[in-house]
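One chain, subunit A, links the two complexes that follow: it is found with subunit B in the first and with subunit C in the second.
And now, the complex of A and B:
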């Protein structure tokens, strides 16, 4: 039982992190129509920024986390201006390739900045644990889950209740019609890039204490985030969250009950099967993304 | 029909759209057999003087191996329209299968089995993802690649638990009792293999399969109503391309003598894409040109070695944005310009530089 609870919480923690990356990809897709494969570089950059702020600048961890997120939002704006604007008229697969290349450019920058050696980022809660049903659950896990829940709630409020959210949904529904209605496409594109990049940075800082910091640390989370987005049909947030949590749980329970070394194989296999047999997502409803 | 359109330069409605994706490959006449001979002769002349220099010739060998993989990528990605982020993983499948089987069964048999295993896996993957388009296929292929690397790293058979997937002391290639022991001898072996690959590929380029694939890319609905199964040509091309990837892996394992899982990660597949796009995605020669160019680039970049990843990724970005037709496309464009000037008349309308 205690093993089950421990695995459940580590699965939920990973699921929460994948959710943040995935929602960044989904809102960006909705607002701009591109699938941003640079997200993994941003996850890594966020984590290293927090590491730099806490060790080299000596800031308290929470301040370091916040600084990293703020810088990441600016990086997102820069990315939109430099990398996305010239690609706007390119076919979708060139854009995918170039964003992937952009992600590797971030990896290269991290290697230049530090090096490829793994590092570890501390959690604001250190290594403290709380006992839940006999299992020691790290406070950091609960922190990650709470932060992610707040982020999802805020995001879905913004998406469904604010004027900007309505504009993004209109763009996702019919880009040309929305543009003709005078929706500020450029401004929304910059805002969502900043938001998605900040979310990737947040995911990176939260992932830091769970996994080691390496320049390519964001790659698997991003692939799982793609998986989650597909499971959720690139549509409703609820579906994306469910997909991310599902992949996190599959990874942890597969690792815990079947084999630790093969831990990551399980969610990848699940993704592959879902793309093969349910490409419209597990929850139906919204139409498959036009990719 | 499409081919004749291309030659006369009348723009079929679908051509423009396909051209925007990266340019249609040129028509393959019989003279392309001659091109194979010329390409091989150029590489042979350049390499022959260096067979004594261990370091120089190993750079040649790396480029030859990479050429095989990128020619494969051209078929899977450009003609087949499949986002083959699995290409490096298939190199790994070829490398590991052949390295493991060689001690007991000999190089030729082991390499043959490696190619068959890779072809079967590639076909299964393509079949599994036959309805997945563009991004979905890309993500599925990446998931497959990640699984493959995890297998290399963790399976007992690939020395996963004991050696982290590192295999050492792989025998150099030997055919019919003759062992290609030195780097210089391996160079001639690799050149011969590349020659066979290029000849096979020209055959394929001249076959109906290529015309079907082009038609499918340009006007999918019409081809379907003409009795061409768009998925079948894509699956066949993906299988052929991935098998060439596996062949490159076999060559790499036996010419280097050692392999590690890191050499087959998704990032390596991105480098193969960079080679193909730099060389020119419009034809299989682009794969060869890009492979040689990018293998030599680090020689010039050596003073700034740490910047390699940054330089490569920015190069890929710049290529996509600024030179969608790469080196070969640029050369063809220049040739067209020269021809145009000599004729002093109207352009033939064939714009290779989109």
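And now, the complex of A and C:
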């Protein structure tokens, strides 16, 4: 039983990280219609910003995390201005490639800044654990899950209850009609890029204490995040959360009860199976992003 | 119209002729051969040393690079090799097979005489054949690669600078069996050649000594969670973890969180990097044990301690086993060139098979090639409790040379 509980919480933790990265991708897609491939670079940059703030600036860890998220929001604005705005009227695949280049640029920036040697970002909870049903669960894991839940709730509220959220949903439904209605597309684009970047930064700061900081640390979570977005039904928050959590749990339980050697294959195998039977994803929505 | 055509034809002929002349002149200047620095004496030119490591990619190998640079700087400051300063060329292969091959091709085309590189099988397997075909002397930094003279990536120009992995494993297993007196052990390893080759060797050693192997798990290089793997180690008296620094640190933290923080957690030289980079909190390093060719931080030899201080001052970084090995590799190249009396690569290789180097070495006390072109056969077991490296056991060449080799 304790093994099951330990794997459950480690799967939920991974799922929470994938959720945060995936929501950033989905938010942007809803507002702009493009898939942001720079997320992996933003995840790494967010983690390194938190590391810099906690070590070089000497800030307390939570303050360092918050500073990282705030800076990442500004980075998102910069990304929108430089990698997206000039290509707004171009084909989506050009924009996709531009954001992918942006992601690698961020990785290169990290290497120039800190070199490629691994670093360690501390957690406010250190390595402390709490016992749940006989299993030692890291307090940092619970922190990640709770923060993710708050972020999802806040985003859901923002997109369902605020004018900005309604405008984004209108854009996602019919971009041309939304423009004709006077929705400020450019301003929404900047806001959502900032939000998506902040989400990636948050994912990076939460992932940092779990795995060592390396410039390319966001690549693997981004792959899982795309998977979560696709199997959850691209564009649906609830679906994305369900997809991400599913992938995290499949990875951990598959590794724990079938084979650790194939641990990273199980989530993608699950993804392929789901798409084969439900191309629109588990919860409907668009069958694919326009790439 | 006909005149314009004729003019274009003449211009084209002239251009082709000029191009061909340039090619012939370049070939004449090079002295033929492969188009790179030929296998000639090269008496009036400096030794061209190539340093091929990962500076970007999943794992940085900067300590090796800095060790090589430091040696070149100190040798050049003292007058160089045979009166000529070493020309150092550095290449980043990003720990990637394609880039390793490209870096090797570039090094060969730029006339490198001796290359130092290849700490992993990914890098070595891609680059070693290129160096061998080009006749470049290759000083390989990996314990687990098949570069011994009679192995797939070995040859008459390839030499291993660090203690071969089977010998390190023999020493580590001896330590756990005889000193720690384990009865049950868990095995973890990176799911690459490094871990895949090590774990069966460990299992064989332990089982031969009557030690139970509870489980043996391989994990991916980009693992973000090792809960599965550590849960499988429950009940072990010690965990052997043959991976890279990032994953070793993750495994250590996970072991601690799952109530296994007090049992010895033994790994390769990566443990030294975990310690110097602080990848695990100091209070959680009491169980960390590293098996390595050497560790300057725990070395009591006065000249090594002095060197480590100079290295720290130069690079603002702690000198670890990688830096010491990189430094010694350059010393080996220098000694071989001086013994050969020329930059002829065949003579340099021949010199490496016969020389003994004991002076000014920071890792091994003595380098001497065996019949498989393996230059070092020493190992140390280091404790990193409280972040303070301390030597627990030392194994000499007399004890290790030839151990782990399959008989017959």
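Assume the second predicted complex is superposed on the first by the 276 of 291 C-alpha atoms of A that agree within 3 Å, B and C clash if a C-alpha of one lies under 4 Å from a C-alpha of the other, contacts with A are read in each partner's own complex, and residues count from 1 in each chain.
Convention: contacts are C-beta pairs under 8 Å (C-beta built on N, C-alpha and C of every residue); 3 or more make two chains touch, one makes a residue touch a chain.
As the structure is a computational prediction, the values presented were derived from the model and not from experiment.
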Overlay on subunit A: subunit C relative to subunit B, clash or fit: clash
Partner chain in contact with A:14 - subunit B first, subunit C second, else both or neither: second
Contacts of A:261 with subunit B and subunit C, given as first, second, both or neither: both
Contacts of A:216 with subunit B and subunit C, given as first, second, both or neither: both
Subunit B versus subunit C as contact partner of A:232, first or second or both or neither: neither
Which of subunit B and subunit C A:243 touches, first, second, both or neither: neither
Partner chain in contact with A:111 - subunit B first, subunit C second, else both or neither: both
First (subunit B), second (subunit C), both or neither touched by A:94: first
Stretch of subunit B, among 222-230, 258-266 or 312-320, that runs into subunit C once the two complexes are superposed: 258-266
Common interface positions of subunit A, toward subunit B and toward subunit C: 111, 216, 219-220, 261, 264
Complex interface listing, subunit C residues touching subunit A: 54-60, 62, 191, 217-220, 222-225, 227-229, 231-232, 245-246, 249-250, 253, 256-259, 277-281, 284
Partner subunit A, residues of subunit B touching it in the complex: 20-22, 83, 128-129, 131-140, 142-144, 146-147, 150-151, 154, 160-161, 266-267, 270, 273-274, 277, 306-314, 316-317, 320-321, 324
Subunit A residues within the subunit C interface of the complex: 3, 6-7, 10, 13-14, 17, 111, 115-120, 122, 126-127, 129, 136, 138, 207, 210-212, 214-216, 219-221, 252, 255-256, 260-261, 263-264
Sites on subunit A touched by subunit B in the complex: 35, 83, 86-87, 90-94, 96-98, 100-105, 107-109, 111-112, 216, 219-220, 223, 226-227, 230, 261-262, 264-265, 268-269, 271-272, 275-276, 279, 289, 291
